[in-house]
Structures are given as structure tokens and as C-alpha cells.
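Common to both upcoming complexes is chain A, partnered first by chain B, then by chain C.
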Partner chain A sequence: MSVKERDPLTGHQTTGHEWNGITELNTRVPRAVWFFIIVTHIWALVYWVLMPAWPLVNTYTRGLLGIDQQEQVEERVAAADATRGIWADQIAALPLDKIRDDTLLMAHVERTAPALFGDNCAACHGSRAKGGPGYPSLVDDAWLWGGDDETILETLRVGINSPHPDTRYAEMLAFGRDGMLDRDQIRVVADYVQSLAGLDSGASPERLEEGAALFADNCSSCHGEDGAGMQDLGAPNLTDNYWIYGGSDEALFETIYGGRQGWMPAWENRLTGAQRKLLAIYITSLADGGPQ
Partner chain B sequence: MFRKILSPFARLFEFHARTHYRTERHSMALTLGIIVAAGVGGFVEIAPLFTIDETVEAAPDMRLYTPLEQAGRDIYIREGCYACHSQMIRTLQDEVDRYGPYSLAVESQYDHPMLWGSKRTGPDLARLGNKYSDDWHVRHLVDPRAVVPESVMPQYAFLLDTTLETESLPDRLAALRVVGVPYSDEQIANADVDARGQARPDTDAADGVSERYGDTTGIRQFDGQRDRVTEMDALVAYLQILGGLTDAAFENQPLGED
Partner chain C sequence: MMERLTGAERQIALMICVVMATVGLVMAAAGRGDPMGSHGAIVLIAAGITTFFVLRAIGEPEPAEDRTVNYYDDPTKAGLVIALFWAVVGMGMGVWVAAQLAWPDLRFDAAWSSFGRIRPVHTSGVIFGFGGNALIATSYHVMQRTSRARLAGHVSPWFVLLGFNLFCIVAASGYLMGVTQSKEYAEPEWYADIWLVIVWVVYFVLYIRTLARRNEPHIYVANWYYMAFILVVAILHIVNNLAVPASLTGAKSYSAFAGVQDAMTQWWYGHNAVAFFLTAGFLGMLYYFLPKRAERPIYSYRLSILSFWGIVFFYIWAGSHHLHYTALPQWVQTLGMTFSVMLLVPSWASAGNALMTLNGAWHKVRDDATLRFMMVAAVFYGLSTFEGSFMAVRAVNSLSHYTDWTVGHVHAGAMGWVALITFGSIYSVVPLLWKRETMYSWKLVEWHFWLALAGTVIYVFAMWNSGIIQGLMWRTYTESGTLAYSFTDTLVAMHPYYVARACGGALFLTGAILAAYNVYMTIRHAPEKRPERDYPTSSEATEPPVPAAE
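Take a look at the complex of A and B:
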């Protein structure tokens, strides 16, 4: 069993094992494999020196390049903020009307606001801002808390019924479930509300009169005696035939029976003041029949 | 070419061939060699943990998952939400622009297992908490296309009809304590009651939740149903706390002043 024995055909050494005259070649590791092993090891050495690599007892080697991805992203965000700052600072400082008059700033609004709206608002209000059952349309003329610039900015900042400490708060009481009105009374008052909005409820004048009395007793403190709503309380106008939860018999019954309490998130901690202003301008441009 | 480049290493190859040949013939030497080689791989994986105190930030305001949120987390895992949603905002400018401050390791301190993920068919959820209303989450889980027409997410309407199983929660919290989540004995003992109390604000059980988990804990009918505590309650409660266990990331990367 000589180790030095060589196979006459290939010239390789054999392992010395032999089975029925067949010997096993002791072929060397191919040179290409060695090449890549060595190259990768040299690369590893270079990497250890340049980049954060080895753990020490209570720290780690930082590497000659001193790269820190958290610092890198913070620098990039700061750089991007600085680039935007050229116009974003103006938007933050100016009142909305001044911004609307400035075509240069408005170009930035038109470029930036749709993306902000799509990422933050469209989930509820819809990509076309038309709202949906439970979520107000932003393109109609009806506003729960008011559609002037200051009010919209404040609503964006604190939200409605949100966990924000300054949040706007409003609740439609559950008149049916909490026993203030029985089922018949709810149907009567629903007919009256439909008549306020100019819908044909098919109710007799006596029934509407009864509904008016119930409305005056239960609803007028928030929705107003004429049903026109109170924006200070976030109580919707019932006479304009814009509905959040629907104006059908079923929808009105459900609203009056079980109450409603929507939730608009507060954006103060997610969006900067300039971003909220961009959105406010965008929303009001929609309400004026702007871009769809 | 290889021959030329490798020629300085010729002696090394010769040494390697000889040693390898010898070791192969001694079973104990071969076993030791395997142990050493595998040990190097193990050390490289374990060694970074020695510096964990240095690399993971401190978050003194870190709060625990309530039992209801933890139950929701288990549902999130059961339904495979992690297969399409990541929970880690990476250190990239566009991610920070879109989702908010990049995720810190400490934010996943009580996540067992962590759900960072790398697959995003849907958006990242690391800062989803309080971004949308409870009602939106319920509608969206019942029928995603009702609120987001272009969504490809499956429907999870059955969560609304499935009563939440809470009996095993004390055991589940106890198991988490073993791996380092600091639940107190009292919290573990009351996990069952607390889980139901958090979704029923009009009951006495709700008081225990704010007592044991803090006043800022969200105690609501997450699924809009008064009388039942469903799996929808648990999942929405969990989704609404995502990114809200600590403010460390926001303190680290405050929102621009403008």
C-alpha cells in the first residue's frame, strides 16, 4: 500500500485503496476552487478592516470607513429635507391664500400633494376623494367641522375622535339602543329627516308633524332646529342631501338606533406642518371642482 | 492562469494535501476537525450577541403587549400576514419618507418571534398603529376591495364571527416571560379577563386593563360589536399598537419642524 503510487493514465496519486484491481485516485482540489477560496478570504480581510465587523467584549470594530447606515439615512433625509426646504419652508410660513397665488409654490403642491393624499388619505376617502359609506366625501360642498382653511388644517392636525389630546370630539347618540326612542319613533323621525333633505319619504303630513316634534326634542340640540347642523359640534347638515352613512330608510334607522362615531386620525405626529398645508390646498382644490 | 497566480501557495497546497490525507485516516482527528470547523460557523453567529447591550438602544418607556394585543399578534401569525407584510422600516430615505422613522431593534424587544420580514406584497406595517380608524381596519379585513379597490389582499371576514379564545392566554404570557418579556404574576393571572376587558369598555374588567397596562392603553370595541370579543377585536387591537410600544424611534428621528 504505497502512498506514492501513481496512476499511469492521469498521473495522480492513488489513495492506496484497491477493490478488485480498481484503485481510487487521490485527485487534488481543483486550482479554480483554491483561487476563489483565496480571493474571497482576501476580500474578507479587506472588509474586516474597512467595515464594522468584529464583536469585542462590549463594543465592536467600527472599520476604517466608519460606515453607519443609520447615520447615512439620517444624512440623506436631512439632505432631502434641505432640498425641499427651499419651497417647503415658504409653504410652512405662508397662509394658504398666499400659497394659492404663487404659481411656483402651486407647482410644488400639484406635484407633491397627490402622492401624500394617496399614501395617507385615500385609504378612507378614496383615491378620488369621493369618500364612501362612513367616510365623508371631500369633493362635495358639505363639511362637518367647516371647510375654511384654518378649520381643515386643525382637523388634519388633531383628527376627529382620535387618540390625540386636542382631538375634535363628536358622537351621534344611540337613540334606539340606549332607549331614548322606540322603533316606531325612530322610523317617524327618519321620515322627517328625509323630508328635510327633500327626499320623498311618502309620509303623511301628520306623521311628518310627529317627526318634527320628536326632532325638536331629541335632535335639534346638535343638528339645529332647522336641521342645518352645527359645525362647532361637528353635527352634519341634514337638509343638504349629502350623506355619510346613507339617507335610505335602513341607513337612517341604523344611524339613529345605534349611533355613529367616526374616527379621523390625527396627523400631527406623522406629517409636517408643510405637508398638512399641501393636503389642505389639495383638498380644497378638489372641493372647488379641481383636478380629479 | 490559475497555475501562475496560485504558484506562491504551492507549499500550502502540498501541506493541505498531506494533512488531509493523514487526518482522513484517523477518525478521532477527523471528528475534532469537523467540530472545530462547525464551531467557527457557530461562533460567528453567536458572537454578535455579546455586544447586544451596545448595539440595541434603550427604551425606558417601552410598554408590553396587552393580552388582547398578544392574541391579535398570534392571529396575525396564524393567518400568515407576515407573508405579504413586513414590519421593519429600513434605513433608506424613501422608506423613511413614506413610512416614518426607521425601525430600531428595541422596538422588537418583546416580539417573539419577530415579524420583520422581507416580502412586501402589501405595505410595511411597522408604524400602522393609529394611522387609520378601527372601523377602517374592520371593513378592510372583511373586504379589502371595499375600501382599496386595487387591493389583492384576501378577505378575513370570518374573524368578525369567531369568538376569541382567551383561556390559554395566561399560559401564552407565561411562555413569553420565560423568553424575557417582563409580565408580572398579576398580569399573567388576569390575562384571560384583561383580554376580554380591553374590548368591552363598559365592563368592570376594562378597569383592570388600564390599571395593569397603563392609562394610555386603547380600551375600545375594536370590531364595533358590543357583546362579543372576537378575533377581529384582537387583530385590530394589535394593528393599532404597531409602532406604538415606545416613542424611541420618534425621539431619535423627530419629524421636521416645518
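Take a look at the complex of A and C:
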């Protein structure tokens, strides 16, 4: 039975329906609700008139303001490029030494390079450029291909073992897997390599002598007779106790057994010449004990 | 529970089990060496377990109860218990993924435990496992009570509930094996999607048939919302999952849409999953359990009508606000943004209607944590719908998009609104269904309330901070016109908030565990009490003098 009752608390009538004890008041919609419905609808109407809004058959209503998000982006990108161009063009034109001498340009470098490094290099070399297992530290004074300005710029441009046509190429052979050395020989030569770096391998002099002979036959063509490496080949110096893949017994065994072929992307098509120069200056300043 | 089915119904159930087992066997055989094979095994096992329970009851005598004078609550009870199980699993996964973001080593180097795999287990676990089961269970309860009619069928409610959970299990196990369509909240692959369509159509038919049996002249508001939830989720699910399987013996499929159309379809689905799964369904819960618990009439029937039609009409347009400043044409973005803003008023009208209903019952809100759950849920509903409309404005979105702010917004809705209304509803319906005086411990309900509220507030504030810092750092330029911060810098800045988020989530999870314990103890140990009046009848007919025994 539909019996309307009056709610004593609010004084409003119910709708007269009841569902398992639940009733509803017939309170009118508050004026504020209508007010805000009108406000939001008027705002939407105005927005539709001004901006691209409704689809038509082959096009859409473009709006009185003539705003187009694609054009806006292009304009802003062009404007930002122009702002940066003022100093970036100079950096692109000058050699690194001249840039280092220019305090105004260096201010741009110091503002820009850390984020550039963070977004492009830190994923492998670490946010403090200290490297990690498999990735060389950039803050020590050991360089695979050389630490002078031109060499660093070239490494950044072409990468290492990258698809770039001029890429730097280096590969350590898999002496164990490919059957050039057996497991015992690998352990012997590993002990010798540790002794080159001044690490105490605990090996007897005879064993070291055997290791030296194996080293001369197998390793010296790239790493040099004294083990000091060859930067032209990207062969690391083994005497400096800086390690990319580690200097422990296990790490050395794994390196000699399975070989190594590190990889660095070529940045020529991903960063501008000016950006690569910023990074080169930044990296050399880190190696010199600069910022951070 | 199967003893309450008639002999004919038991046979139908058995036949369905046999068909399912055959399907599982075919999947397992055809999909050997593919995750589909493992899913076939899961289907087979699920069918086997169900068969066991049906067979155990097959020789029992026919049920003696008079079905016209009782509601059918067994599926509701099962659904609530399953929902609490999923709550603990889903929220536990959430705490784990949150902790992985703060401490990445917590992945433990396994493939299945990587962030990309367990994160959908968390989202599907809480949305579909916890939310979905709670919606199905409460909808069975609410539609029977507000229609004064028993469920239209006895096998189909079980089919919907168990079939839906099979979908959830196939989905979650698939994620761990790397099976995904890469569509957010629609990750399960084609065969799981087809299965859900079957389950959902049965759910729809069951709901409509029960409503058709009603002994009330009018359909109560809660049912409008449950109906919208069932109908629109079916449409969304079917359209967004249109895909061509790469082969019939493997899990992989390709979407029917490509490029920006795919993105638009996905976010039309994604946003309306929020609208019709996480909002409409739970508004159905709110509209029944809040006035019932407060013992107050709904503040305004007219406001109910206005907000219902406002919500269902405006929400469906709003999905494109997920794709601001993308390849999506600007006019589509404009429509998404303006409809999102117009949507705010009906959303707030719903929240306001709920809160105004509490006028005259605020002393109960103070004293009764169960009602307080629902009150705070309505507040969070209002907060997150305001935030949603705000974030849909393009200028705001340019800061908030892709940041943790979005994550915070979703969790204000999911924890503050969806989970709190669900827990409030569970606490009010469990004693009734199991015929207990009250919950086992009101103190635990109180503890749960404050843990859940604290967890939500910590989570949301952490993500607001994290998201806004992140968004600002992304767009900060130096005087040279270059980016001031690298991406890694933003991660360092976000780390403390990630720790806070994991802590907030852990508090919320603790609350859910208390709820599961409290419900278990209520079922087992709380003193019995028969409800005064809880049986189907026409409100206009003479009521039977004594409710029939079960």
C-alpha cells in the first residue's frame, strides 16, 4: 500500500514506497545542485564554442579561438630550441678547451649536463658515474679507449660494439668455451693476472711462471706483454687493479672462460653534437675529481 | 549447501560440471606447452572440486523447505567469504608491489614475482576478486530483500559466483605466467574473456528474472545501480576485448583495434570500469545498507533520480580524459574533459544524498563503526569524484598525468570509497545472514575502521606529495632552457613517499585481516538470534504468522 508519511525530523513527506524497511523522502532537489548543474553546463557550452569539440562528418568544430594542440606543441618546441640555440650553437662550434675557459658557457654546461648524464648514461654507469659490474667507472683514471677530449667525443659518437658503421669494436675471446685453454690453465693464468695487478693470489712462483707463459701466448697480443693494455684496441690495462667485471677468482675465470663483449650505444643520432660535448666536459670533470 | 538444491537442479549442476571438465580437458590437451594448457588443468581441477560437492549431495533427500517463504542466501554467504579471501590476497599483493617500488630487491629475482606480473594480480585481486565477489553477493542479498522475492533460480546464482571466481583464478594465474593482453584492468586473454561473457549474461538474466518476480510495485534505487553495473560492464567487456586469437591452442591474441583507436577503446573501457564496476555497483550497496543501518529514509528520491541518470549519462563520455595531450584528436579530449566536469554535480549529489540521509542518525555514526565505515565511504566518494573531475581538466592533467597523483586518486576511490563501503556492508549483513546477534567483536570492527582510515590517509597523502613533486620535477627547466632533473633524480625524491605508501597499505591490509578473522569468529562463535522479519512476501499481502523453518 502506498501510504505517504511525514518524517518527523525533517518534516518532508516520504514517497509512500517501502522496501524491506527502507523508505525515501520526497525532498526537492536542493537549489545548489541546480545552480552547479547550470554553471558546469554553461562552462562546457562556452568551452565547446571556443575549442575543438564536436565531430562532424568529415571534420570537427574547430572552435572560435582556433587553437590546435599539434601547432601549440610545435611552436613551443621551436621557441625552446631557439632559447637553447643561443648557447648550444656556440658549444657546437668551439673545441672543449675553449668552452672550459668560457665561464658563461660553463654555467650552461653545469646546469644542463647532470640531468643529461642522468637520463642517458646513469642507467649503466650509475648516477654517480662509478659504474658497476660490467660497466666501467668514469670517475677513476682508467680508460679503455683513452681519456682525452677527442677520444671521449668519438666514443660517445660511435659507441662500442654498436650498430654504428664507425663503431669501436672490441671483443675478448672465450678462451675456455672455445677450447683454447682448459679449466686448469684458465685458473693459472687468472692467478698470474691477479699478480699483475698487485693482488696476492697465493700462487707459487712456479705457477706464476706457468701463468706468465700462458699469458704471453694467449693474452699479450691485445693486453700487451706487460699487461698494461692497448687503448687502440680497447683492451683494458690489467695492472691497475681497476676491474669492469671484477678481479676475484670467480670473476676472472668467468671472463677468461666465456669471453667478454661490452656494449655502449652510439649517441650520434640520439644526442646533438653540443649535447655530446656537454657530456664529454662533464665526464672529464668527474675524472678530475670535479663536481660530485 | 548443495543439499538445498532439488534433484533436478543437482543433475543440471552435475551436467555443467561435466561440460566444464571436458572444456578443461580439451584446453589442457590442445594447449600443451602453452600457458593455455595450465589453464585447462585449472579448469579441470575446478570442475572436479565442484563435481565432488554436487555428487556428495546427489543421493540426499529432496529439500523440505517451502521456497516461496524464504530467501536463498547460500550463494550470498559463500560470495562474502570468498570476497574476504580475495581482499587479503589482493591487498597483500598490493603491499608487496608497493614494497617492491621502495625496495626493488624484494622481487627475489624470479620472473613470476616481477612488478609487471604481480601488479595486475593486485589490481584484479582487489577489483574483481574482492570487489566483484562483494558486488555479486550483496546484489543477491539486496535484490531479494528489495523485491521481496526469492532468487529466480538455484543453480544459476552458483554458476555466476563460481564461474566468476574461475575467471579470477585463470586471470591471476595467467599474469604470473606472463599471459596478458596489456590492457589495464582487461589483461586476461581471449578464452578467459569469452568465459566471463557467458557468466555475465547468466548474471544479467538472473537479475532481470528476479526483478520480474518482485512483490513491490517499484524498483528500489539500489537495483537501478546494480542493473547499470551488470549491463554496462557486459558491454564494456565485450567491446574492449574484441580480439583475434593467434591460434586456438594458445593464449596469445591480437586486439581488433590498433593505434589511437585501441587506446581510446581501452580508456573508454577503463574509465567506465571505474564508473560502472567501482562506482555504480557500490552505490547500489550504499543505497541499501546505509539507510538500513542508519534506520533513516533516503534524504531525497528526486536527488536519487537526478544523480543516477547524471552518472550513467555523463560517465560514458569521460574516458578520453585519460589520453589528454596524446595523438588522440583534441576534440575528443575536449568532450572527455567537459563531460568529466559536468559529471561532478551528479556525483556529489549522490554523496550528498547519502550524507543527508544520516541526518537524525549522527549519534549512530559516532557510536557504530559499521555505519561510520559507510559514512566515511560517502565522504571519500565525494572527495575522489571531485579530484577526478579536477584532474580531467587538461591544464591540471598536464601536471598530474603519468605521476603518482593518479595512483593516489585511484586509491582514494578504491580504499576510501569502494573498500570502506564494502566492509561496512559486510559488517551489517553477516550477522543477519548467519542469524547472529551481532558481529563477534565490535572492538575489532572499531580497530579495523581506524586502521583502514589511517592507511588510506597515509597512502593518499604520500601519493599526492610524490605525484606533485614528480610532476613538477619533470617540467622544471633551468635558466638554460634544459631539464633541471633527470628521471633518476625524481625516483630519489619519491623514495620516502614509496616507503610511506607501503606502510599505509600494510595498515589497510591489517584491517582486512581483522575483518576476515572477525567474520570467521562471528560465523563460528557469535550467539545465535533469528532475525525478526526476513522473508519474501508481498508488502500488501497478509504476512504469514510464522516464518517457515529452513
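Throughout what follows, the second predicted complex is superposed on the first by the 221 of 292 C-alpha atoms of A that agree within 3 Å, B and C clash if a C-alpha of one lies under 4 Å from a C-alpha of the other, contacts with A are read in each partner's own complex, and residues count from 1 in each chain.
Quick note on the criterion: a residue touches a chain if its C-beta (ideal position, glycine included) is under 8 Å from a C-beta of that chain, and two chains touch if they have at least 3 such contacts.
Small disclaimer: the values here were computed from a predicted structure and weren't measured.
> Output check: A:Asp7 vs chain B and chain C. Expected answer is one of first, second, both, neither. What do you get?
A:Asp7 contacts chain C only, not chain B.
> Let me test your reading of the model: by the given contact rule, A:Tyr60 touches which partner, first (chain B), second (chain C), both or neither?
Both partners, chain B and chain C.
> Could you look at A:Arg28 and tell me whether it touches chain B, chain C, both or neither (first, second, both, neither)?
A:Arg28: touches chain B and chain C.
> In the overlaid three-chain picture, which partner chain does A:Asp119 touch, first (chain B) or second (chain C), both, or neither?
both
> Please work out whether A:Ala142 is in contact with chain B alone, chain C alone, both, or neither, and reply first, second, both or neither.
The answer is neither, since A:Ala142 touches no partner chain.
> Between chain B (first) and chain C (second), which, if any, makes contact with A:Gln69: first, second, both or neither?
both
> Considering only touches as defined above, state whether A:Asn269 meets chain B (first), chain C (second), both or neither.
Only chain B; A:Asn269 stays clear of chain C.
> If you stack the two complexes on chain A, which partner ends up touching A:Gly134: first (chain B), second (chain C), both, or neither?
Only chain B is touched by A:Gly134; chain C is not.
> Examine A:Ala92 and indicate which partner it touches, taking first as chain B and second as chain C; both and neither are also allowed.
After superposing on A, A:Ala92 lies in contact with chain B but is clear of chain C.
> Overlap of the chain B and chain C footprints on chain A, residue-wise?
15, 26, 28-29, 54-55, 60, 69, 80, 119, 127
> Quick one: which bits of chain A touch chain C in the complex? Just the residue numbers, please.
1-2, 7, 9-10, 14-15, 17-30, 33, 36-37, 40-41, 43-44, 47-48, 51-55, 60-61, 67-69, 80, 83-84, 87, 107-108, 111-112, 114-119, 122, 127
> Under the definition above, what is the set of chain B residues touching chain A in their complex?
2-3, 5-6, 9, 13, 16-17, 21, 47-48, 50-51, 53-55, 91-93, 96-98, 100, 102, 130-136, 139-140, 146-149, 216, 218, 250, 253, 255-258
> Would you tell me which residues of chain C are touching chain A in their complex?
The touching residues are 145-146, 148, 216-218, 220-221, 288, 291-292, 295, 297-304, 306, 325, 329-331, 333-335, 337-339, 341-342, 344-345, 348-349, 352, 359-360, 478-489, 492, 539-540.
> In the complex formed with chain B, which residues of chain A make contact?
Answer in residue numbers: 3, 15, 26, 28-29, 31-32, 34-35, 38, 54-60, 69-70, 72-74, 76-77, 80-81, 85, 88-89, 91-92, 119-120, 123-124, 127, 132, 134-135, 162-163, 262-266, 269-274.
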